[in-house]
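Here chain A shows up in two complexes: once beside chain B, once beside chain C.
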Partner chain A sequence: MSMLRAAYLIARKDLRIEVRGGDALALMGALALATVFAFAFTLGERTMNTLAPERLIPPVLWTALAFASLVGFRQGWAHEAEHDALSGLRLAPVDRSAIYLGKLAAALVLVLVLEAILVPVSGVIFGADLIPIAGPLTLVLLLHSYGLCAAGTFLGALVNRLGRGESLAAILLLPVAVPILISAGKCTSAALAGRPLGEVRFWMVLAGCFAAVITALAVVLFEPLLEE
Partner chain B sequence: MSRRVTEILAAVSLLGMFLAVWMALQYVPTALAADGEPNPVQRIFYVHVPSALTAFYAVGVLFVGSVGYLLTRRRGFDLAALAATETSLLFCSIVLITGPIWAKPEWGRAWTWEPRLNLTAVLWLLLLGMVLVRRVSAHRDEGARFASVLGILALPVVYLVYTAVERWGGLHPKPTIGRDAPSHDPRITLGFGICTLAFLLFGTLLIVLRARLAALEERIGNLAAGAATGVAP
Partner chain C sequence: MIEAAGIEKSFGPVRALRGVALRVAAGEIVALFGPNGAGKSTLARCLAGLSRPDAGEVRIDGERARGAAAARLRSRLGYAGHGALLYDHLSAEENLAFFAALHGVPRPQERARALLEEFGIPGRAGDALRGLSRGTQQRLALARALVHEPAILLLDEPATGLDPAAAGALHDRLNAHRQKGGCALLVSHDLPAALTLADRYIVLTSGRIGDQGPAAGADPAALAARFSGATAGARA
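On to the complex of A and B.
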């Protein structure tokens, strides 16, 4: 079985679990919306009326996404901890990186579904008209969500095996994902302001490089994470 | 490293640190601010920059230790990585404390959106994460593996963070020694060189001592476990 096929099967299994009664997406959505509302309340009406949406939405959106997606990053690995399912996966005659890539794909789908809800809600709350800029905004969200998921899935695997180290996921994800967060802020802001993405080409390239480097490193370093 | 070498290293770094303090406070001439006024605050530079260099040097040791451990699984590499992580965290903390002390009178504010500041803060957080990962691991070898994985991840991440934050531009002074910059008073170059050397030696000493301490802790742990089960280690 090819590695990509194995990864696809693992992702499909995880998403099937989620569809048939998982609670990851519900938890992620609730946490993300709570974060957005917490921002709206703490910023207050005056700040929200003074600042343009392209300055308000990027930090709020990406803070909410980063913290909410942590739930998704852990959930995929938590499934495998039950009944020691991970041992079964480890024994399967496929490249072990397939497990990482499968979990990454499943996490990415969850995060994209979350964004499909969260982004329009943020647009309404902070007063941005998203329809004319839907194209560039989607591109920006896809690229940066992938980078976030590539780093988060890997750290989720690590943290999930630590047992009592849950909060470490956030402590580690922030420094590792800093390039993605900076770039996401810049690019989302440009997209929301209706500026051409060519203006933020440096950041798009940087986010792409980050995604490629993290994916490659994760594939190489995944083996020692899985040992008993 | 043998006991003898460690003792010599300890003696040399002790003398070196005294020399460094004397040079930073007494020997080097007081720098002049842009308006020509004497600027004694600038002397913190002789602690700040050597600490930063030592922190980066320890990250290098951490990287080598992490790669070595994952490839060979020899305890020695892991002990070196552990010691280097904590030493780097210490010097990173010194950098983060001395920097704002200098910046407050110089820039008028202690912290700005500035590449090097943010890079150091991110590195500090990452190192703290590595220390915590070892702490919360149920088993020593598990913590060693996880910390090594993070140690290898750290280097490219730090590079990308640097690229990202540098694009923001900033106020931080760029390195001038060894570059095509207006030449310095030779006392400044010498003072900076001695300070850097003293800090690097002291950093090395801390790494060696911490690694040795960790090795002893492990040995005691093994002995205690052996005594509990009645099996000689």
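On to the complex of A and C.
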């Protein structure tokens, strides 16, 4: 069986677990929405009327996404700890990197579903008309979400291996994800302002390189990481 | 056939396995006994490729189970350990179909249904794992280990939680597996039952092979007394 086929099966299984009663998306949604509303209340009406949406939304949105996605990364691995299910995956006759790729794909789907709710809500709260800029904004969200999930899934596996909780995941993910978060802020701001993404080409390329390097490193290091 | 030579494994200062060598030939069932903490489960996990030995090597059908060959060779192994290696939120059928698909079994759904029938739990196909009793979960764990019809079985206390009828069915299934040329390493604390089934026994004490011999004619009580004594001696 090919590594991609195995990754697809693992991703489908993770999403089925989520549908069957996994609570990752509900927790992620609650945390992300709470963060957005907390920002809205603390910024206050005057600041929100003074600052343009392209200044307000990127930091709020990516802060909410970064913290909420931590829950998703942790939950995805928590299912593998129950009944030692991860050993079941490791016994499959496929390259074990397929486990990483499958869990990355499932995490990405969850984050994208979360964004489908969170971005319009942020648009309404902070007064941005998202329809004219939907195309470039979607591209920015896809690229940066992938980078965030690539790093988060790998670090989630590391935290799971070490038997530690969300606090360690946060301590590890946020510094590692700094390049992707900076890039996400710049590119989301450009998209929201209706500026061409060519203006932020450097940041888009940086995010792409970050995602590619993290994915390649994770694929190489994943099997040693799982070893007992 | 599965063989191991010079297997060493430590967890920090604890030496779990100390130069273990064994061979389970095709058409053979070997029972692995030993007191708690002797290293039996660690050895089973090393043989399954779930735990990497610090030294020594594992060969499956004569091939070294390392590097690129390891993934291919895993298709010949079926392992059941202390955990069910299944998912709480998936149904019995979904769990089996998922692992069947992951092992490249054609028509995984049909295979899952056939196994549920074979293990006497077709009525629980749609029930989530978390709603099943310990014994039913164990049946499913065994079905998962057999989902791809592996030639080599590594079963770590497989009868735990099974009722006498299910334990008897497992016994029959292992006999049939041997008759078809398959082999099995059976980790067990139930010496009388395991000796009835096995061709040979091996006793592991403090990470070393302490005693071995043919199962036929072996006295379970004397064997248990011997390895208990060996453990006490090692501790002293």
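Here is the rule we use: the second predicted complex is superposed on the first by the 226 of 228 C-alpha atoms of A that agree within 3 Å, B and C clash if a C-alpha of one lies under 4 Å from a C-alpha of the other, contacts with A are read in each partner's own complex, and residues count from 1 in each chain.
One rule holds in what follows: a residue touches a chain if its C-beta (ideal position, glycine included) is under 8 Å from a C-beta of that chain, and two chains touch if they have at least 3 such contacts.
As the structure is a computational prediction, the values presented were derived from the model and not from experiment.
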First (chain B), second (chain C), both or neither touched by A:R90: second
Touched partner set for A:E227, first chain B, second chain C, both or neither: both
Partner chain in contact with A:K13 - chain B first, chain C second, else both or neither: second
First (chain B), second (chain C), both or neither touched by A:R201: neither
Shared contact residues on chain A - chain B and chain C: 227
Residues of chain A touching chain B in the complex: 158, 161-165, 168, 171-172, 174-176, 178-179, 182-183, 202-203, 206, 209-210, 213, 217, 221, 224-225, 227
Complex contact set, residues of chain B against chain A: 70, 118, 122-123, 125-126, 128-129, 132-133, 136-138, 142, 145-146, 148-150, 152-153, 156-157, 160-161, 163-165, 167-168
Residue ranges of chain C touching chain A (in the complex, touch as defined): 45, 48-52, 71-75, 77, 79, 81-90, 94, 98-99, 101-104, 128-129, 137, 144
For the chain A and chain C complex, residues of the former touching the latter: 1, 6, 9-10, 13, 16-17, 20-22, 79, 82-85, 87-96, 227-228
